[in-house]
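The same chain A turns up in both complexes below, where it pairs with chain B and then with chain C.
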Partner chain A sequence: MRFLLNRLIHAIFLLFGVSLLSFLLLSLAPGDYLSEMQLNPQISPETVAALRHQYNLDRPIPVRYSHWVAAAVKGDLGFSFAYNVPVTKLLSSRILNTLLLTIPATILAWIIAIAVGVISAAKQGRWEDQVASAGTTTLLITPDILIALVFLWVALRSGYFPVGGMVSVGFDELTATQKLRDITLHAAIPITILVLSIIPVLIRHVRATMIEALHSPFVRAARAHGIPRSRLLLRHVFPAAANPLVSLFGLSIANLLGVGLITEVVMSWPGMGPLLLESVQARDLYVVIGAILISAFVLQTGIFVSDLLLLACDPRIRKGAR
Partner chain B sequence: MKLTLPLGLLTLIGIHLLFLFCGYIAPYDEAQQDRMAAFAPPTKVHLARSYPYIYVCAWNAHETDSGYDEDCSQKFAVHLFVNGGDSHLFGVASPGRISLFGTDGLGRDQFSRFLFGARLSLFAGILATFLALLLGTLIGMTAGFYGSFVDSTLMRFAELFLALPWIYLLLAVRAFLPLHLSPIQTFFLLVVIIGAIGWARPARLVRGIVLSGKERNFVLAAKNLGASNGYILRRHILPQVYGVVLAQAALLVPQYVLAEITLSFLGLGVGEPAASLGNLLGELQQYHVISSYWWMFLPGIALLLIFFSYFVMANALQRRLKFIAV
Partner chain C sequence: MFRITWVRHVFILAVLAAAQSLWAADAAQPVRPGEDVAVSTAESGKFGGRLSIALRSEPKTFNPVTLVDGSSREITGRLHADLLHINRASQQTEPALAKSWKVSKDGLTYTVALRHGIRFSDGVPFDADDVVFSFQVYLDEKVHSPQRDLLVVNDKPIVVKKLDQYTVAFQLAQPYAAAERLFDNIAILPKHLLAKAYEQGKIGESWNISAHPAEMAGLGPFRLKEYLPGQRVTLERNPYYWKTNKEKKRLPYLDEMTFLFVPSEDAQIIRFQSGDTDVISRISADNFALLERDQQSRGLHMVDLGPGLEFNFLFFNLNSVVPKSANTLAAKQQVFRQVAFRQAVSAAIDRDAIIKLVYRGRGTALVTQVTPANKLWRNDKIVLQKRSVDRAKDILRRANFTWKPDGTLLSPSGSPVEFTILSSASNAQRTQMATIIQQDLKDIGITVQVVPMEFRALLDRVFQSHDYEAAVLALGGGDVDPNPQMNVWVEDGSNHMWDLGETKPATPWEAEIDSLMKKQLSTLKVADRKKLYDRVQQLVADNLPLICLASPNILVGAKNKVGNFNPSILDPYVLWNSEELFIR
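Presenting the complex of A and B:
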């Protein structure tokens, strides 16, 4: 329990640091959303000054930060200038759309990676392994942008998959099953892009840890006892190899969020990515900070979950933790 | 297997020289437009008995898919080592135009733009790597060598940079800086941004090596013989770090090139008319471009070859490193 508590406190401090750093950086930036407004001759300087006062932009940075933190603890991340709604409301709808892509992609990628990795470790050096490693190498050197563009091209050319957005026109009139079908069709290509982008690293790690575990003495002993090969692989070797993979799970979230941003932009998926991009361009201060904070939060949650899993599947850590 | 490292190194040097001299190798300037030849497909080079020549492509709507047809009445020879105005490696006499990768929406030669763009992206990546490794090595060595309070402060600070998904961090720092700048300013800006946020990972690696390296017997011996901290760091610790830093460089350069590409692709990097690989790929975000003009993908495919050389290099370096460690 101490172990988990330590990690939790650590994560909270980290989030606090990230918020401080991003707030500082963005507040020091030249110009804000309102300075664009000043250029507009139809808006009087008094109006801009009043708005500036209303949003606390005329106060010194430490005061603004303490105000912001006090509100953020209560779950209020500030106000979006461009959308004219609370940041929390804006982000919560977008983060759901992003999770709609990332969660299925994570599950799918891990299933495929474990299957391919275990097979190529078991058949090390044979043609199955060589095909798999050629595939992973190709995917590894291909930039995510290029993968996304190729699939955009496939989607446009084949015509089977709708391109752009999350739902079709007239979505509200569809029945529940049709709605599900519509979203699935829209999500199919982005999920494929995500899976292909994150999978090569996963496969290589699964293969490497499996090979290491296969060479340990207990495997030879088990084989000498006459345990069949498939059972040996799945019941004995894989659990022994699972440890580093569980840690990788948390870290792979970071990669996933990054690729997700590009995928969403290319496929015009209404997730966090396009929103963050727009707000960076519009200098929508609080939305940028909120989005960054949430990405850090998701990443820390991923690492925390993988710590929990590690605790559950590795007795050595449990003993050490007590 | 033994040859992988030197061969990979040679290939990489060759590629970089190619881009370094892109002004000479590219037949046209990156910004030179020809509005009469927008989205022209790659020029076909025909081989004659005496010399290779090309047909000039005349606009001929509704005839073919691309809307361009070869006009076979006029032949233009491809000359090597052209010397007219400025010199180029190859070219054809006007009004003929040779565009090996086709042209973009403004009729600019994609091949030239690829060379110029790759120069920008690659050297941005290399400079950023240099900066990140320099910072990372300095900070990592300081943290590892002095330990205790210095170490924990620096490493907590490094964790802040590792606590964010990479692209989000990149965007956050980019958001802090002015959006509209000249290409040269943007170039250096990108280098500084990428380098400044990339130091954390190499710093942690270097710190780990220094932590174990400073306990080795020859370092302890030097210390007891009265060597100063600066001397030990320079003569005994730094050489132990080189291998890892070099292997990191081969890994980081493609990653940072990709960072530049990503920012330019998202419209936050180098702006028109300067070419960058990100800009070139960014044009593919328009549906009509991506679905109709396949040659706009060619810069991306050429990019794969560059990344592949770096990949081979990084692998070879890492294998060599393991060999030394054992």
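Presenting the complex of A and C:
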């Protein structure tokens, strides 16, 4: 219990720190949301000044931050300057779309990584291992944006997959089955890009931890007792190797969020990525902070879930936590 | 019993409402006797179908009173109409919701006769009360509408009076040339839907992106059907639109228009190639060449409209108040302030290279702020001279500049001439221009550093801190008339960016520009205004407060199946006649 409480307090401090840093960095940078309006010869400086006052951009940073924190504690992340709507409202629909990509991508990536990693470790040094190693090396050295562009090119040339967006233009006229197929087809390429961008690291970790476990004395003893190889791998070696992999789970979410933003922009997926990019460029302060906070929260949740899993599968941690 | 009856009533009402909305969406209302409709002269097309277009960003609002961004303007422009409108093809003003207008002899009163019997997209009739209400909203200081500044002449807001149900008078504080152009893009609002929000001081919050389509109505060819955050906006035909085709059938031709949100230009090209979108605009020369190559095989019609109204320019910091931290700036300004120095810089810049390298040949070199696209106002007597290093050196020599043996240019006070050009990091083309200028000025011994900078940070330096030496920026794109650029040329203008915050002109030529611009503003005869503005252009070309560089061509395209595709160099380039567009 104390372990979980510590983690929770740690998460709260982290979120506070993230919000403070983002607020300071964005507010101290020269220019603000209204700067671009100054370039329009048809808008007077008085109008810009009045809008700056309306958005409280003329108030000192500590005052603005303290007001924002007081509201954020109650779940109000502020107002978007550009959209003139609450940030929570703006982000809520996008988060769902982002999760629609990241959750299947996470599940798929882990299934593939575990399968390939286990086979690679079991066949260490043989052609299966070498192919896996060459594949992961290639993916590791290829920038995520390049992977995205290659898939986009393939989709455009082949015509089998849509080249962007989440649904087709005539989506409303489709039947329920056709709608499901349409979304699946649109999500196929972004999910593939996400999976390909995170599996090399996962495969290598699975392989390394499996090899380490395979060389443990208890495995040699089990082999000597004549336990079949497949049972040995899945029932004994894999659980022993699971510990570092569970810790990696939380961090893989962070990686996925980072790549997800790029993929969403390239594939025009209506998630947090395009909105965050636009808001950073427009200096829409509270939207940027809201999006960063939510990303930090998702990351923290991932780490928290992996802590819970660790607690469940490792008796040593359970003992230490008491 | 009560409950069953209540449920039944609700059910019947819901069915009726759904049937009404379906019918209204599908069928344009027949033209009623006495309805003053406008008749389109464009080719008669086929009714039905949907047109898709990609926008670089989402609309921020559907409220025409508060919008400032291009995407919102592109969409709301299809939802609303103005009293008088600038025809994007002819560049002349034409009646829209106004059937006609009269100007008093003193040029102070515009009397506008409105169309009779026309209706908003929710079926409610339109009349003078809506016009008076709309201008009351735009002119209200508490609303902070960016449009307000357009409607304030000589620091006095235009006074709007209802004369009768279909006549409105606009009273100006002083004669204002081409005042009818002010009405373009001032959307007329439905008083019946917005009066309450206005009285409660909530007009700015109305019609934001979370508003329900049923809460909105306009006089444009389309009305809002659906907004899906991050994905698209769908508009459907306005069944009460006030324009018909030659066969007296109510426009628009299209059933629907869909705006997809595609955040990058490259992604927009791919969506256009794949057939997801039907028209495209605001594309670079590289991408235009790519699409032009495929236009036969993909059934596309790509059009290079030639130069637009945008002009890119280099300018030096001539502000009298500069930050103390900028130690060397004051000394450098001694050089920047010399007209001869700016003339030499201009002579040394290879504008043809800019056109070739930055715009791949799809642009025009500029000598003044008025591009060749602006046939009405351009002073054709000013000719751009070819780049000449010798001429540049000669000008500098005559102004007592010298050179070190290694070729470094020395100012009359003996210090090496070097400066930094700021450019927007997000605009690769302007950074390329700055780099070409850097290379060109090396030939006359000037060392230039190019610093690409985040755009808002750059604007902050130019407009707020004045902590810069030189910068490359662009202006223009709105209208051909000189009036929208008053703030650039008058001494106390907010966009007089080379020397901001001054009330008295610093030089005789600036004083002359100031006086000419103010004079042309109140001169009603076009020929007289042209003479005054010709002189302004000559003064700009001679004294170079802005060293004009180049104007990119407007590059657009559409699928061959899009009928009445008639793009214009004025914004919005391809959708300005959306009511006339049809799918073959």
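To be clear about the criterion, the second predicted complex is superposed on the first by the 309 of 322 C-alpha atoms of A that agree within 3 Å, B and C clash if a C-alpha of one lies under 4 Å from a C-alpha of the other, contacts with A are read in each partner's own complex, and residues count from 1 in each chain.
The definition used in the following text is that a residue touches a chain if its C-beta (ideal position, glycine included) is under 8 Å from a C-beta of that chain, and two chains touch if they have at least 3 such contacts.
Quick caveat: nothing in here was measured; it's all calculated off a predicted structure.
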Checklist line | Superposition on chain A - do chain B and chain C clash or fit | finding: clash
Note to self: Let me test your reading of the model: by the given contact rule, A:Leu156 touches which partner, first (chain B), second (chain C), both or neither?
What the structure shows: both
Next item on the list: Would you check which partner chain A:Ala224 touches, where first means chain B only, second means chain C only, and both and neither mean what they say?
Entry: neither
Next item on the list: For A:Val73, select first, second, both or neither according to whether it touches chain B, chain C, the two together, or no partner.
Entry: neither
Check: Is A:Ala176 touching the first partner chain B, the second partner chain C, both, or neither of them?
Finding: neither
Check: What is the contact status of A:Glu278 with respect to chain B (first) and chain C (second): first, second, both, or neither?
Finding: second
Next item on the list: Starting from the residues of chain A touching chain B, keep only those that also touch chain C in the other complex, and list them.
Entry: 29-31, 152, 156, 163, 265-266, 277, 281, 283
Item checked: Of chain A, residues touching chain C in the complex -> 29-32, 35-45, 47, 50-51, 54, 82-85, 89-90, 93-94, 97, 152, 155-156, 159, 162-167, 169-170, 172, 265-268, 270-271, 274-275, 277-278, 281, 283
Check: Which residues, counting only chain A, touch chain B once they are in their complex?
Finding: 14-15, 17-18, 21-22, 25-26, 28-31, 137, 140-143, 145-146, 149-150, 152-153, 156-157, 163, 253-255, 257-258, 261-262, 265-266, 276-277, 279-281, 283, 288, 291-292, 295-296, 299-300
Check: Considering the complex alone, what residue numbers of chain C touch chain A?
Finding: 50, 52, 57-58, 60-61, 66, 68-69, 141, 144, 146, 148-150, 204-205, 208-210, 226, 228-232, 258, 260-264, 267, 270-271, 273-274, 276, 426, 454-461, 463-465, 473, 475, 478, 484-488, 493-495
Next item on the list: Mind listing the chain B positions that touch chain A in their complex?
Entry: 156, 159-160, 163-169, 171-179, 254, 258, 261-262, 265-268, 278, 281, 284-285, 287, 290-291, 297, 300, 303-304, 307-308, 311
